[in-house]
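Here it is, the structure in full.
As written, the chains take the letters A, B and C, and residue 1 is the first residue of each chain.
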Amino acid sequence: MSSTIQGAEALQTTTTPTPKRRRRLDGGTGGTNWWLTALIAVCSLTVLLPLYFTIVTSLKTPDQLGGTGFELPTEIRWQNFVDAYQLTNFPQALLNTALITVGAVVLTLVTNSLVAYAIARNMHKKFFRGLYFYFLAAIFVPFPIIMLPVVKETALLGLDTPVGLVLLYTVYGLSFNIFIFTAYINSIPIELEEAARMDGASTWGVFWKVVFPLLAPMNATVGILTCVWAWNDFLLPLVILSDPSARTLPLAQFVFQGQFNTNYTVAFASYLMALAPLLVVYVIAQKWVVSGVMRGSTK
Amino acid sequence: MFDSSTSRRRQKRSRRRDLGRLVAGTLGVALIGAVLTGCSTSSSDAGVTTLDFFQFKPEAVQDFADIITDFEAENPDIRVVQNAVPDPDTAIRTLLVKNKVPDVLTLNVSGNFAELARACVFADLSDEPSADTVNPAVQGIVQDLGSCDRGSGQEVNALPFANNASGIIYNPDIFAAQGVEVPTTWTELIAAADTFEQAGIAPFYCTMKDAWTAGPAFVNLGGALMPDGFFDDLRAEGSDVEGGAVSFSKDFGPAMDKEVQLFSYCQDDFASRDYNAGNLAFANGESAMYLQGSYAIPAIRANAPDASIGTFPYPVTENADDRIAVSGVDVGLSIGRDTPHEEEAQRFVDYLMSPEVVQAYSESQSTFSPLNDAEPNTDPALAGLEPYFTSGRIIGFIDHQVPASIPLVNMLQTLVITGDVTEFLTDLDDEWSKVAARTTTQREGK
Amino acid sequence: MTATAPRPTTDAGPEGPTRASSKKHAPTRRAGQGKTPRAFYWMVVPAVVIFFGLHTIPVVTGMFFSLTNYAGYGTWSFVGLSNYLNLFRDDRVIASYLFTFGFAIVSTIAVNVISLAIALGLNSRIKFRTAFRGIFFIPYVLAILIIGYVFNYLFANSFPTILQSIGLPGANILADPQWAWVGIVITTVWQACAFNVILYLAGLQTIPAELYEAAGIDGASSWRQFRSITFPLIGAYFTINMVLSFKSFLQVFDQIVALTNGGPGTSTESIALVIFRGGFQGGEYGYQMANAVLYLFVIILVSFIQLRFLQRREASF
């Protein structure tokens, strides 16, 4: 790239890296930019309004569904949540979804970075370089091509279960995750690993003790990506899972879409209940996630 | 980029954080699991056969759950697990790909069913005792769609459990208030629409945001006016529809003109209203008539339990005796071919087809019983269509004859919004030719 | 999706960009082993085997079926290339390609421009930055069914009412064959901005404040600063992001099903929608697999061209 970037990076390494340090855009001095704050606040309304809409709808009865949609419910029907709970067999669906999601995230974090590390550290070798492009090419493959064959395969191999799903999420995430992990790993100085090796660590040891902890920001990124994907995914569980009792939340919520019409109020109550754990996780991890995504992306 | 001293500190911190989160997360899930476990179903005692029951209709889950409870009480050696599938069309196909065809299925008897039946994925039910109790006209509709033919004649691959009927739903109160009688000819229908329009009442509430709602008018008008054997002749022409003896352009013109005429009486915002909005609006008396079938009645009642509802068949011509009702098998029962529990599955199907069960379901879901000597459905809303059904003056849904790869409902949507009949018919012929060219080797009852 | 900056050098020297890997030619050798440690092979081989089994074999199988008339079940036979020939004669398929491309181009530009703008805003001195950052991430975690219903409702009821009350013509944009795609673009952009904002924010954070200060002292305006400092420095992000967003918008499916189901008429049918509908519900699996293979090549080709084009532009900064 151009030498400006070299200079910029040089500047950054010599100054203390503090992600919290604010980057001023206008170069001026003074306090907060209130106009911009107001503008951003208005933009954020576009995000909050649909959320408000969802919450309000989930409390209504079907006959209140007219109008602009933003009106507060005239009579609140908490029963919607109870109905949703019963109709979707919520505890079981939640458990299934949670297990699959956690499994996918954990397995992905543990394995994908490993493969990326091996590839990143051996890009000069044809074999590994070839593997890199082999995995990358899969990013471009549209899902319909593989859908039916995978369904058949997983059924044959006995993988048409939540365990199989976890495996599929991990494997299908490989392409993209290797892409971003290798980029990040390339920025980790080799000296750390050399030092560990001098101390007698094996290659595995070097990875787990030195590199993996350094991957924390990237793990956060990949973790949240996989988590949201696995939690909200509808298609893979639909076609892979054979046993109805293994159904995930998105599948269970299909019960509201009747043959012709949809039971919106109860459906929304159920969507909110499904969303709640994800939002809670997100809120708790938000600072970590956002800064993780950001730090992860800088590489 | 990496200052080694800060990175080491970050290492320790982030490693601890990572680990901490992992442990916390796992504990959390384990806790949830511990609290919520106990909901899973345990299965298989010795001597009890478990039947996998594929059930496609979400509105009927409770009805079938009750039926199953009664059945299991009478048959303690059988357990039936109702599998209320999401997205039944995709679900059944993936089950087929996995070679895991369910033991007993309910399916909407439509073009999709026909394709599966022709591929011989369902068992032959012609020897079932309950097969003889079915109204022949209704069974004829099922057979017309297609079934497995392995040389020993046409099999019976589905038994009709519940029928619907498509006609025109109307609001008797509004009709009475305007002094309008139920129309028996086309002219009377248009006159009625004019009367309502002049009185400031929407003659029809149309919901063209949902493309499929243009279908009922198509099947009624097209089905009634098309020449006999139209679709067989059309299929025989292969991919040369333009040069053939029958085609949509040649034979469906008048029917489509009528459909466009009907839809010209829709309310102003009909292109942006969907089916849900339509049910709500009709329930609240916002229109005099509603171009939907009997399946819409429970949905309308969900909005207003005391809604004023009546039905009558489309008066397609000037001759009142020409009137017929379009009826389809809303719920058909099938057994998976090569199911290991054939005998138990047959017992379940026979139970389902018993008059009391069929009757109870038809009352709950406003459907028609397809059995011979069935009690007429006493729902006043269905009174207008009931005689047609009982006397067998019914035809099937013709859209089931159109291959699913043709976007028929989307084309109908364009038709009623633009009013361009010629374009619609030419497009339909065109699509038909294309599909026929692609699949000539495929649809021959394999 | 995520953007990657050009791989920064491990020690910021002026010798131009070198990849960390090439720098370690000597280091790997020095460990006393003349070859790559076996451990590396053990790290990748299991993954490769499983990936091959669960991804590559299905891809090849899918491609194989494009040469048949398989319906997804039942018997089938070879039809050679006739599926491909029929593809080019099918105006529904061609229309879906045109629509999808148009949609993807507009959405990619819109998402990247808007995300960058919002990221710039979030990067400057405003109050409640952390809170806003959190809020802007929310659309990413919402399920598509929620978004679909909400926006359907907004377009059908809320927006027309609001527009009419200020005197503009108000109709349901999703019900208009000419303009329905705009409604879909709006919804897609709304959801996609969430993640892209965070990414651009990350990129912006890598630009040291000193550059802006220096420019400010020299009297450069905000726009000039953006053009000469910000944009060139996040060039690589921008490139990768554009390529990846374009690829993912080319595969649009969920939003279309949730909003218009391909309607009104067939005006908003995307390629993925046609493949799923025709292939699975329509029973023309083999034919639509040919469509899918064509789709695959188109995606690869377009991404490649885009990458080349943008990287050349990048270099000119």
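We adopt the following convention: contacts are C-beta pairs under 8 Å (C-beta built on N, C-alpha and C of every residue); 3 or more make two chains touch, one makes a residue touch a chain.
This structure is a prediction, so every number in the text was calculated from the model and none was measured.
The highest number of C-beta contact pairs joins the chains A-C.
Greatest centre-to-centre distance from chain A is found for B, with centres as Cα means. Chain B and chain C have centres, each the mean of its CA atoms, that are 36 Å apart. Note: centroid distance chain A to chain C, computed from Cα atoms, is 15 Å. Taken residue by residue, chain B touches two or more other chains at 1-2, 90, 97, whereas all remaining positions touch fewer.
Multi-chain contact residues of chain A (touching two or more other chains) are listed as 9, 12-13, 66, 148, 187-189, 191, 264, 299. Among all residues of chain C, those that touch two or more other chains are 8, 10, 12, 72.
Note for the complex: chain B touches chain C at residues 1-2, 89-90, 93, 96-97, 112, 115-116, 119-121, 208-209, 211, 269, 271-274, 403-405, 407, 410-411, 413-414, 417, 431, 434-435, 437-439, 441-442, 446. On the chain A side of its complex with chain C, the touching residues are 1-6, 8-13, 15, 19, 21-28, 31-34, 36-37, 39-41, 43-44, 46-48, 50-51, 53-54, 66-70, 111, 114-115, 117-125, 128, 131, 134-135, 137-150, 153, 167-168, 171-172, 174, 176, 179-180, 183-184, 186-191, 194, 197, 202-204, 207, 221, 225, 228, 232, 250, 253, 264, 267-268, 271, 274-275, 278-279, 282-283, 286-287, 290, 293-299. Taken in their complex, chain A has these residues touching chain B: 9, 12-13, 16-17, 62-63, 65-66, 89, 91-92, 94-95, 98-99, 102, 106, 148, 151-152, 155, 160, 187-189, 191-192, 210, 212-214, 216-217, 219, 238-239, 242, 244-245, 251-252, 254-262, 264, 285, 288, 299. Per the touch definition, chain B reaches chain A in the complex via residues 1-4, 6-7, 10-12, 14-15, 17-18, 21-22, 25-26, 29, 32-33, 36-37, 39-41, 56-59, 61, 81, 83-87, 90-91, 94-95, 97-100, 108, 275-276, 279-280, 295-296, 299, 302-304. Interface residues of chain C, counted against chain B in their complex, comprise 8, 10, 12, 69, 71-75, 77, 79, 82-83, 86, 89-90, 92, 152, 155-156, 160, 171-172, 174-177, 261-266, 269, 277-278, 280-284, 287.
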